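In what follows, chain A forms one complex with chain B and a second complex with chain C.
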Partner chain A sequence: MDLVANNLSYKPDDQYHLNEVSFNFKEGNLYTILGRTLSGKTTLLKTIAGLVTPDSGEIEFDGKNFLKVPVWERNVAMVYQQFINYPHLNVFENIAFPLKQRKIDQSIINEKVMDALKSVGLVGFENRKIQELSGGQQQRVSLARSLVKNAKILLLDEPLVNLDYKLREQLREEFKNLFSKGLADETILIYSTTDPRETMELNGEVIVLDEGKVLQVGPAKEIFENPNSLKVAEISNDPPMNIIEAKISDNQIRFEGIDVEAPQHLSKLTEDGLKIGLRSSDIELNENGHEFEVELAEISGSETLLHLKRGDTKIIVSIEEVLNFKIHDKVKINFKINRAYAFHADGKLASSPFGGLNG
Partner chain B sequence: MNKLYIFLKYFFIVVWTVFVVAPFLWALTTSFKDFQSVNGGVTYIPWVDFEPNLEGWKVLIKSPAKGGVDIIEPYFNSLFVTCTASLISIILGTLSAYALSRYTFKAGFVKNNDITFFFISQRIMPPIVLSIPFFLFLSSINLLDSLTGLIVVYIVLLMPIAVWIMVDFFNKVPREIDETALIDGCNPYQAFLKVVLPNSIPGLIVAGMFCIIFGWIDFFFAFILTFTEVQLLPVKIVALNSSVTPWWSLSASALVSVAPLIIVAFIVERYLSKGNLSGAIK
Partner chain C sequence: MNFKHKYFFLFPGLFVLIGILIFPIIFVVRLSLSGWNSYNPGLDYIGLENYIRLFTDDPRFWESFFRLSFLSVTTVILQYVIGFALAHMVWKDIKFKRFFRVLFLVPMMTTPVIMTVIWRTFFHESLGPVNDMLSIFGVAPKWLTDPVIAKFTVIIVEVWQWTPFMFLLLLAGLLSLPKEPFLAAAIDGASPVRKFIYVTFPLMAPISIGAIIIRLIEASKIMDTVYVLTSGGPGTSTETSSFYIFIKGLREFQMGYAASMSFTYLIIMIISLTIIAKVLTKVLLKE
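Right, the complex of A and B next:
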């Protein structure tokens, strides 16, 4: 039972929310839709759910035209980023709602709801009001409500984004366990997120979406190692990959008066307008390195993000410890240049350290 | 400092209570007075200051032939017209408001907000402007001087209030709740009835309260659109006034006419104190 979409387009105003989106989702798999805010992730999920009717294109599920099936008969489940539950019902009634709607026997409903409560760790909360729960608990309730239906298609729209850091880590872990053991083989799980780390951890098939267009499709590892364009490299890295305008000649990468010896996979690229991409984690502080000026230093968790500048080149460096810098401090850094990517002037990948399009 | 605070608090509570309750007490005592007691200087305490009697109240239920102004029928007329018109206004208003809140309408330059404003604009117009059209309209469909005609007019007057309050309320209920209901297997009507409406009870109560108040206190249209067959309470109360102002029966009728509103207020207050009005939507 595959979910197949062909050239879905949706343009309610002067911007494309979906632009010729096609995919082929197979049952029993996890698909991650990665994209920045307003990239069309939610629209895509809503289109699959039937809440949005595309201007053109087709969706087929199980060989049937899905666009002809109204939302309430599609047997999909969806979890929103804003913890949507029914405020007038308690936890038990919330989870039982979709089952009641199907007129299932009360004893079976009780059993299924208790199972769902168990799997999201909310046993004992049955009679609580929704408003009495924390954000994380509310999101668990809506997850339970979507699990209890045994839907063939489970849509999760940035389910962790409105939670605080710790809860997010914890729920993400639980999601992973749940997905790996709890889901029936015939379920198609579609998870949208803005967070590249989440994408890598979930480790499913990734669809990179930007301005309604699919930029790249592939396993998480492939997207991380060989992003096919500058855009994908930006979207699939947090902080975004550093992009440096450079020239390669005589086996040297030159920019802002710095010469770095080009690694083998970059040495043959001598064209104009070449852009070098380097992850913020692939730059390190080094006494013998090149001098940059600190523009901003932010501490996030146990990491320090340094925004550096030299001439017109701005880069971000992430360091795995908490360090204090002042604005306009001078720091010396070294590039792990053998991890560098190169992109053509039009943004397409020219060469990656993992062997994509070598030379 | 703390004692001063408590003192001030109770001081103002007492002042305010006197301010609110005094007119009622005044009306209550006056309703039991006769001509002498009203005109014989300031008196407050029954049996000490003046001799109470039930004349003022009896006038209200005596038939006009016996020198009274039978308000019982107008009272029930008013109750019937107000409740029916409010109920219909709430039902129609809620449905329109839901449509205006959730669907996009477009007819040339007219959009949702313009339609909502059209409803509100019905209340901005001074009533006198509406009186002639209403009069002609009702007379052309033979509903002048009838309860049905009054109900029709009151629906026109009350529905905008319901639409106005409910549009605002529905706009605050997240659209995703409707969508979730659809995904969970409700068709649009079930989504509205099973999910949106139960979460809108506070708004319904507020809208209902306003409709009842505005319907109940209306004098102008009741005065213009009825003559002899049907009369509503406010018109009848005014009819009490004659060459000698009957303060006692006026006070009595004032108390009777404000009673339903006080009952409504107590019910709403009950509901409010249960905390049901707040926090329905997080």
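Right, the complex of A and C next:
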């Protein structure tokens, strides 16, 4: 049973929330929608769920026009980024709610709810009030509620974003376990996120969305290795990919008075306005490197993000260590230039180290 | 810290409390033990005679009390149902929402006594517009002079006058509800009707209890409508407790006896409203 969308557009104000979005989702697969905030991820999921009616376009599920089916008959399940539960019901009643909407025997309901509680690790909490639970537990209740109904389409809208770091790691692990347990056999799983790392970890088919438009579709690895444009490269990297305006001539990449020998996949590009893309992790500190000035050094978790500047060129370097730098310190860095990307002036990919286009 | 002045600051509140609440209650209790009437004004002491008379020899009081219970419970239920329906209607995104929200509040802004006079004109048996229109169907109910129909006339006027208040409380309640459970319920497969039964109504339960209790207290004082519309008639068929107490106390000037009725009425109301509140909480909140 496939979920097919054709040219979905939704423009409630002067900005497109969805702009000609088309996709073909097949059952048993995991799809990740990657995009920054306000890129239309939630709108897309709500459109699939039926909470938003698009201005134009079609959605078909199982060969039937899905837009004509009212929300409550669509058999979809959704987990929101806010932990949405029923405040007047306890944990058990919350999870049983979708089952109670169909005429199902109480004993079967009990069994299914207990199964769902087990799979999210909340056994023993069934009589608790929702408000007495922590954020992570509340989110697990709403996850259990979406699992219990065996929906054909399971929508997860940034389910981890409002949780703290540790819980996020823990729940992400649980998600992966759940997905691999065969839950997804006949389900279409759609997971939206802003976090490229989450996308890579889930390793499904990725749809990159920006300002309501689909920029690229492909497996997570493909998106990571061969982003088809500057925008995708920015969205699919955190911190965003460094973009350096450079010139290539005589097999040398030149910018800000620095000459770096061009690797093979870039050597043939000699056009004007070329942009070189380099991930923050592909730049390293090196005594014999080129000198840059520190603008800002932030420590996030166990890594240090250095914001560096030389002339008009600004770059971000991430180092897997906690280091202390002061503003205006001089550091020397080296580029792993054979991992560099090149983009045309219009933002399209020109060459990637993984064999995209000219490379 | 020095608390020397605390009585000074407590005094204004205490003065009001003693002056307008505690003193009158104590005075009424004392009054109810006296035989104060127009021949014999004064606080003499006659023991429990008034209470004995009330409990053994005054079926009119108890009839008026049960009539009051019937009237107030019926009007409050109707107000709740209609008020909830109207509030639910303008809570949704409908056209002219703001217009309706104001329109439904208009009856509350009018003066009850004057509106009742207008209603009395409406329901006049031979000259009123209501019976004029009903004459098309060949019927002319005696709105104000039939013992049974007159009760329903009182109910109609009360419901018209006070549904807006219920509407206001319930609309405020609906607007304060979180939106998220409704999104979840739709996706969880609840049709609009089931969404109302399983989400809207339970979420509204605490507000509903508050609104119903407030209206019950108000409705049990029902007096002006009856006074203007039917004066308790025909006979005593629309007479309520407060109206009967008013007749005994301020028309026949049996102050002592009226005081004993007031005090008995107060005790019964406190007990029954407490029980109603407890029962409602148990049924609606399952606590």
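Simple rule for what comes next: the second predicted complex is superposed on the first by the 356 of 359 C-alpha atoms of A that agree within 3 Å, B and C clash if a C-alpha of one lies under 4 Å from a C-alpha of the other, contacts with A are read in each partner's own complex, and residues count from 1 in each chain.
The rule is short, and it goes like this: a residue touches a chain if its C-beta (ideal position, glycine included) is under 8 Å from a C-beta of that chain, and two chains touch if they have at least 3 such contacts.
What you see is a predicted model; the values in this text were computed from it and never measured.
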Original post:
Superposed on chain A, are chain B and chain C clashing or fitting side by side?
Top reply: clash
**OP:** Tell me which partner A:Lys166 touches in the superposition: chain B (first), chain C (second), both or neither.
**Re:** neither
Subject >> Touching partner for A:His328 - first (chain B), second (chain C), both, neither >> reply: neither
Original post:
Given the touch rule stated above, what does A:Gln131 touch, chain B (first), chain C (second), both, or neither?
Top reply: first
Original post:
Can A:Lys68 be said to touch chain B (first), chain C (second), both, or neither?
Top reply: neither
**OP:** Identify the partner contact of A:Arg145: answer first if only chain B is touched, second if only chain C is, both if each is, neither if none is.
**Re:** both
**OP:** Show which residues of chain A both chain B and chain C reach, each in its own complex.
**Re:** 49-51, 70-74, 76-78, 80, 82, 84-88, 97-98, 101-102, 142, 145, 149
Original post:
Which positions of chain C touch chain A when the two form their complex?
Top reply: 178, 180-181, 183-192, 194-195, 198-199, 202-203, 205
Subject >> Parts of chain B lying in touch with chain A, wherever the complex brings them together >> reply: 174, 176-177, 179-187, 190, 195, 198-199, 279-282
**OP:** In the complex, go through chain A and note every residue touching chain C.
**Re:** 49-51, 70-78, 80, 82, 84-89, 97-98, 100-102, 142, 145, 149
**OP:** Would you pull the chain A residues touching chain B in the complex into a rising list?
**Re:** 46, 49-51, 70-74, 76-78, 80, 82, 84-88, 97-98, 101-102, 130-131, 142, 145, 149
